[in-house]
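The two complexes that follow have subunit A in common; it is paired with subunit B in the first and with subunit C in the second.
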Partner chain A sequence: MLTVLISGLASGALFAAAALVYNVMFSTSKVLGVQTGQTAMLGGVFGAWFIRTFHFPIPLALLGSIFVGGVFGFLTDLIAVRRVLNRSDEHLWLLSTLAFATITQQVVALLWGTEPLPFPRVVPQDFSAGLLDQKYWLPILTALALAAGIELFYRRTLYGKLFLAMSEDPFAARARGVPTDRIRALSYVISGAMGGLAGFMAGQLTFAYFAVGITLSLNGFIALAVGGLGSNTGALVGGAALGILSAGASYFIGGEYQNTVSVGLLMVVLLLKPAGLFGAQVARPV
Partner chain B sequence: MPRLNRKSITLAIVLAVLALLPFWVGNRYQLHIAALIGIYWVLIGGLNLVAGYAGPISVGHVGLLSVGAYTFAIVAGTHGVHPGLALVLAGAVGGLCGLLLGLPSLRLPGFYFAMSTLACSLIIGELALAKQNLTGGGVGIAVPGFPAPFHTPEGMYWLVLILGCAVTWLTWNVARRMWGRALIAVRDSVVAAQVVGVPVLRVKLTVFVFSGVTAGVAGALFGSLQSYITPDTFVFEMGLFFFVCIIVGGRGGIVGPLIGTAVLTMLPELAAPLARLGNCLYGVLMLLVVLLVPEGIGRLFETLMFRLRGTRPVSMPVKPDLARLEAAIKGRRLVQ
Partner chain C sequence: MTLRLIAFSLVLTVAGAASGKDKEPIRIGWLSSLTGPQSTSAIAENKGVEFAVEEINKAGGINGRPLQLVTRDTVSDPKTAVNFAKQLIFEEKVALIIGPVNSGESLATIPVVAKEGVPNIIIGTVDELVDADKYPRAFRPINTNRQWIEAANEYALKVLKRKKIAVLGDTTGYGTSTAKAATAALEKEGIKPVYTALIDQNKTDLTDELKKAKDAGADVVMPWSGNTGFMARVVNARGDMGWNVPIVGHPTVMAAPLRKLVNKPAYLDNIFAAGYSSMTYDDKGHLPKATKELQEKIRPKLGGGEIDYSFWWVALGYDTVKLAEHAIRAAGGTDPAALQKALENTKNFAGVYATYAYGPKERNGFPDKNIVINQANSFKDGVYRAAPR
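Moving on to the complex of A and B:
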């Protein structure tokens, strides 16, 4: 029972991290990018590559993963978001990020291979710790740290305030002299770096595997929708609830029904409380 | 009416060429590819009404395809029902699944809907793997072929051709009448469509269920053509492929997606090195089209044709009859 709880919390923490990545991108651009899960996938794959092939020390590999994530985020903004946001069709960003995510996944599959590879130990610890093993507590700590960090960033720094201003009203922010394009690019870099960090820390849970991106995009989105779009507390709560529920489902019903149960949770929450648990009610445009 | 005659002559020639394809095509494998294009088109033709006309982005139609294929395999193979009846049943079950999926998810905004269709395709893959006594689990299940006139590869091709033409004709009729206008209105502005009295959810749900039916039928044909299916046949990338065909061909048209389907299906077959890059190539193609010509390559050709002929697409603004409007408002005032 405790096993279900701990492992559920650990995978839920990864979903929560993906939801936070969604949130940071959404705050400045109102775009929910399908490539979100791919940032974490890149963090895991590149981390394993740095350590296993180049024998980087762990801190350097971690920095490398964060850097790769940040570059990926910047490229997302540059290639898939910037041009499309200027057009009137509101669904184009969905198509462009979907295409970008597909390209990323396939290129990684071609260069890295399609086999999941084990991720090396991040902290020296023997394998006898059971539930206290680092593959469980590392992602949980990472998600908490990311949420706390992003909240501090929003509340204590000027750039964080600019993010909030853009999320409230981009036109007004622009009129007050906020360089909205640059701030949006910065938010994509930050979100990519967050994804890279989360993917690195959860590498021992997911393995370095090219296909985790798409399921992570889906589950991160479910965590976000359950918790409420735009809310960082909601992302943590939604991720934890989703992780524990799907771990419980695979323990009690069978591993084949994991997606069915998580989508069921999404549907129930959307029917009862469409804005999510902690989400703000959005006015309908008429 | 010379224009109409020219059009119908072109149509007749194209149909004749397609019908006689088995006699002049080089080998069996090319015929197989032609049948595969037709089957994909049966699905994409239905999906085109949803993604191309009405707007919701569905990347999960591969789930409905696998539902159709498994229904056909179980009903016709395990229970020995006549394949023609099983084909109809596969379409019905596909439509039912479309209804079950569309009823809650079509109310959601764009990204939410896309994610629920993605989840649907993953769930159906999971169930196909889990229900071993029905679907054979990961081992897979054999799918029977069609009886007498359609049992040869040529016969199978003709069956696919007939169904493909039927789907094209149906979607053509929907698209150019009031229904098609309503769908385009829903795609371009939901609020404006609601204001002029389009029942948005009902319109979207109807075409979504229709696309479920065609996906079920396509699944039955697909299973029968491949003769053996496993859950691994219906990967998520396949659903993405259907969608890319429509985007590349151009949203809001029928000929564009049809050509897109044919070209994109043949592309990895014609150039062997491309087969390895397959899905990556589709992603690059989709990104390029979305960034450079969001209307699709089909629309690009249309514009070029207009330029060559020297005719410009005319816009017909409706002039408001202000005097009548004023009179109406005054009359309303008098009543109050």
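Moving on to the complex of A and C:
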């Protein structure tokens, strides 16, 4: 039972990290980019590549993955978001980010192949540690650190406050001289770096695998919707709930029901509490 | 005089046209998932297919006609495979189609190809794919799932003498159907598995499932999945738990890409999977002559060094073209009905991967006796040693 819990928490932490990535992007652009899972995929694939091919030390490889994630985030804004937002109020970003995600996945498949590749140990540890194995604890600690870091960023830094201002009212923020395009680009860089970090830390669970992004995008979105859009606490709780429920469903009912349970959870929460567990419905005076 | 000249010219023209047609390339369609999630085996098979075509053409083609390979990448997607099958038939006018190379795509394309009466050599293991009545021109050189399952069950029950079996499958169509077929085959032998589970192939940790199997008293684990990551997680969970239970199952559990994913090389000990006598070292460490010859001939095309992936994929690809060549020679051309007849009459056609035999109602050419059980930890130069008996 404890195995199910820890194993579920570990995969749930990865979903929570994806939900946090969504949150950061959403705060400045109101876009829920489908490429979210690909940022983590890139973190895993590049991390393994840096270590296995170039023999980077682990900290350098980690920084490399964060950097790649940040660049990917910047390119997402540049190619798939900025122009779409400037030209249309419709949700065309859904298509543009989906296209960008698909292209990214295909390029990775062509360059690294379609079989999963091994991800090395991040800290020295034997494989007999059982539930204390780093493959469980690294994603959990990473998700907690990301949530705490982003909260501190929002509360303690000027840029964080600008993110919040744009989140509240982008037009008012722009009217007051906030360079909204640059702030949005920065949010995409930060979210990409967060995804790269999460993908690296969960690499031992997911392997370095080109197709892991789609699952993460979907489950990250479910975690976000369950926890409440915009809430970092909600992202953590939603991710953990989803991970534990999925693992529990697979263990107690059968793997064929795992996805039914996760999507079912989303429907139940949305029916009972449409704003999610920790989401606030904002009434906007007009 | 003028009439004679005209008649002579006409004879020359017709003769010229006829001889031109005699030299026309024979177009062979090749539907292969060269990219996408199921590309690893297809890329290896493609090496064998291309090499066989090159070899035949170097030797003067078939009755003076070169083979022309028309390759289409199905990107591991059944819809794309169907579109390309139609293109190969209607636009490229191929004489015969090899592929698709997996069951999911084959399920979608076989009826389409069969409807147009084009001969089809398919590479998918799901038993239901071939049917002499519904798809009379679809012939299968690869083994069936039944053959893999029966060999693995026989090894677990009769050689290892295990009775408490845990059957694991992934939740894809292939994983589910194969795990169910394996369970049914065990039940036919009077064995009810102590634990059966279908697991999402993307599930990142399988420790809980293995623990459940252990708690159920399993003394052998039989996983059925074509997914390398899934199989590696089964192997790693068993190893990390320190549970030295034998694993007997699908060839993916000993495939070359999986070896890189296991936490320790020792985790490959006590793992056995269905393989082929043609791809197995004998007691003295020798391979069958045909396998050795193909290895040496094709080695430069595979990078020149030790072969780092399952060689049976390459040999199977090579054999599909050789089988097509055999049928075209026997039929004396590319008439579809004659090709069907030629393949139906094929007996003991010695390939590298297997020796094939078909019949008027038999579309599975791979004989049971060519299946053996291999040891996962014995991989060397693309092939394996036999499991101890």
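Going forward, the second predicted complex is superposed on the first by the 280 of 286 C-alpha atoms of A that agree within 3 Å, B and C clash if a C-alpha of one lies under 4 Å from a C-alpha of the other, contacts with A are read in each partner's own complex, and residues count from 1 in each chain.
Criterion: a residue touches a chain if its C-beta (ideal position, glycine included) is under 8 Å from a C-beta of that chain, and two chains touch if they have at least 3 such contacts.
Predicted, not measured: the structure shown is a model, and the values here were computed from it.
Chemist: Superposed on subunit A, are subunit B and subunit C clashing or fitting side by side?
Modeler: Because the two structures are overlaid on the shared chain, the partners are seen to clash.
Chemist: Of the two partner chains, subunit B (first) and subunit C (second), which one does A:57 touch, if any: first, second, both, or neither?
Modeler: A:57 contacts neither subunit B nor subunit C.
Chemist: With the two structures laid over each other on chain A, which partner does A:100 touch: subunit B (first), subunit C (second), both, or neither?
Modeler: In the superposed model, A:100 contacts subunit B only, not subunit C.
Chemist: Taking the superposition on A as described, I'd like to know which of subunit B and subunit C A:179 touches: first, second, both or neither.
Modeler: Neither partner.
Chemist: Is A:258 touching the first partner subunit B, the second partner subunit C, both, or neither of them?
Modeler: both
Chemist: Taking the superposition as given, does A:209 touch the first partner, subunit B, the second, subunit C, both, or neither?
Modeler: In the superposition, A:209 touches subunit C alone.
Chemist: Answer with first, second, both or neither: which of subunit B and subunit C does A:7 touch in the superposed model?
Modeler: So A:7 only meets subunit C here.
Chemist: Where does A:250 make contact in the superposed view: on subunit B (first), on subunit C (second), on both, or on neither?
Modeler: After superposing on A, A:250 lies in contact with subunit C but is clear of subunit B.
Chemist: Look at A:133 in the shared chain and tell me whether it touches subunit B only, subunit C only, both, or neither; answer first, second, both or neither.
Modeler: Only subunit C is touched by A:133; subunit B is not.
Chemist: Would you check which partner chain A:116 touches, where first means subunit B only, second means subunit C only, and both and neither mean what they say?
Modeler: A:116 contacts subunit C only, not subunit B.
Chemist: Where does subunit C run into subunit B after the fit on chain A, at 55-63, 109-117 or 217-225?
Modeler: With chain A aligned, subunit C clashes with subunit B through residues 109-117.
Chemist: State which residues of subunit A lie in both footprints, the one left by subunit B and the one left by subunit C.
Modeler: Looking at subunit A, the two contact sets intersect at 106, 110, 215, 254, 256, 258-259.
Chemist: Tell me, which parts of subunit A touch subunit B in their complex?
Modeler: 32, 34, 79-80, 83-84, 87, 89-92, 94-96, 98-103, 106-107, 110, 214-215, 218, 221-222, 225, 254, 256-260, 262-263, 266-267, 270-271, 285-286
Chemist: Using the touch definition from the top, list the residues of subunit C that touch subunit A in their complex.
Modeler: Where subunit C meets subunit A, its residues are 35-40, 170-171, 176, 197-200, 202-205, 207-209, 211-212, 228-229, 232, 236, 239-242, 257, 260-261, 263-264.
Chemist: For the complex, which residues does subunit B have touching subunit A?
Modeler: Counting only subunit B, the residues touching subunit A are 55, 57, 59, 104, 108, 110-112, 114-116, 118-120, 122-123, 126-127, 129-130, 191, 236-237, 240, 247, 276-277, 279-280, 282-284, 286-287, 290-291, 294.
Chemist: In their shared complex, at which residues does subunit A touch subunit C?
Modeler: 3-4, 7, 10-11, 14, 106, 109-110, 113-118, 127-128, 130, 133, 135-136, 202, 205-207, 209, 211-212, 215, 247, 250-251, 254-256, 258-259
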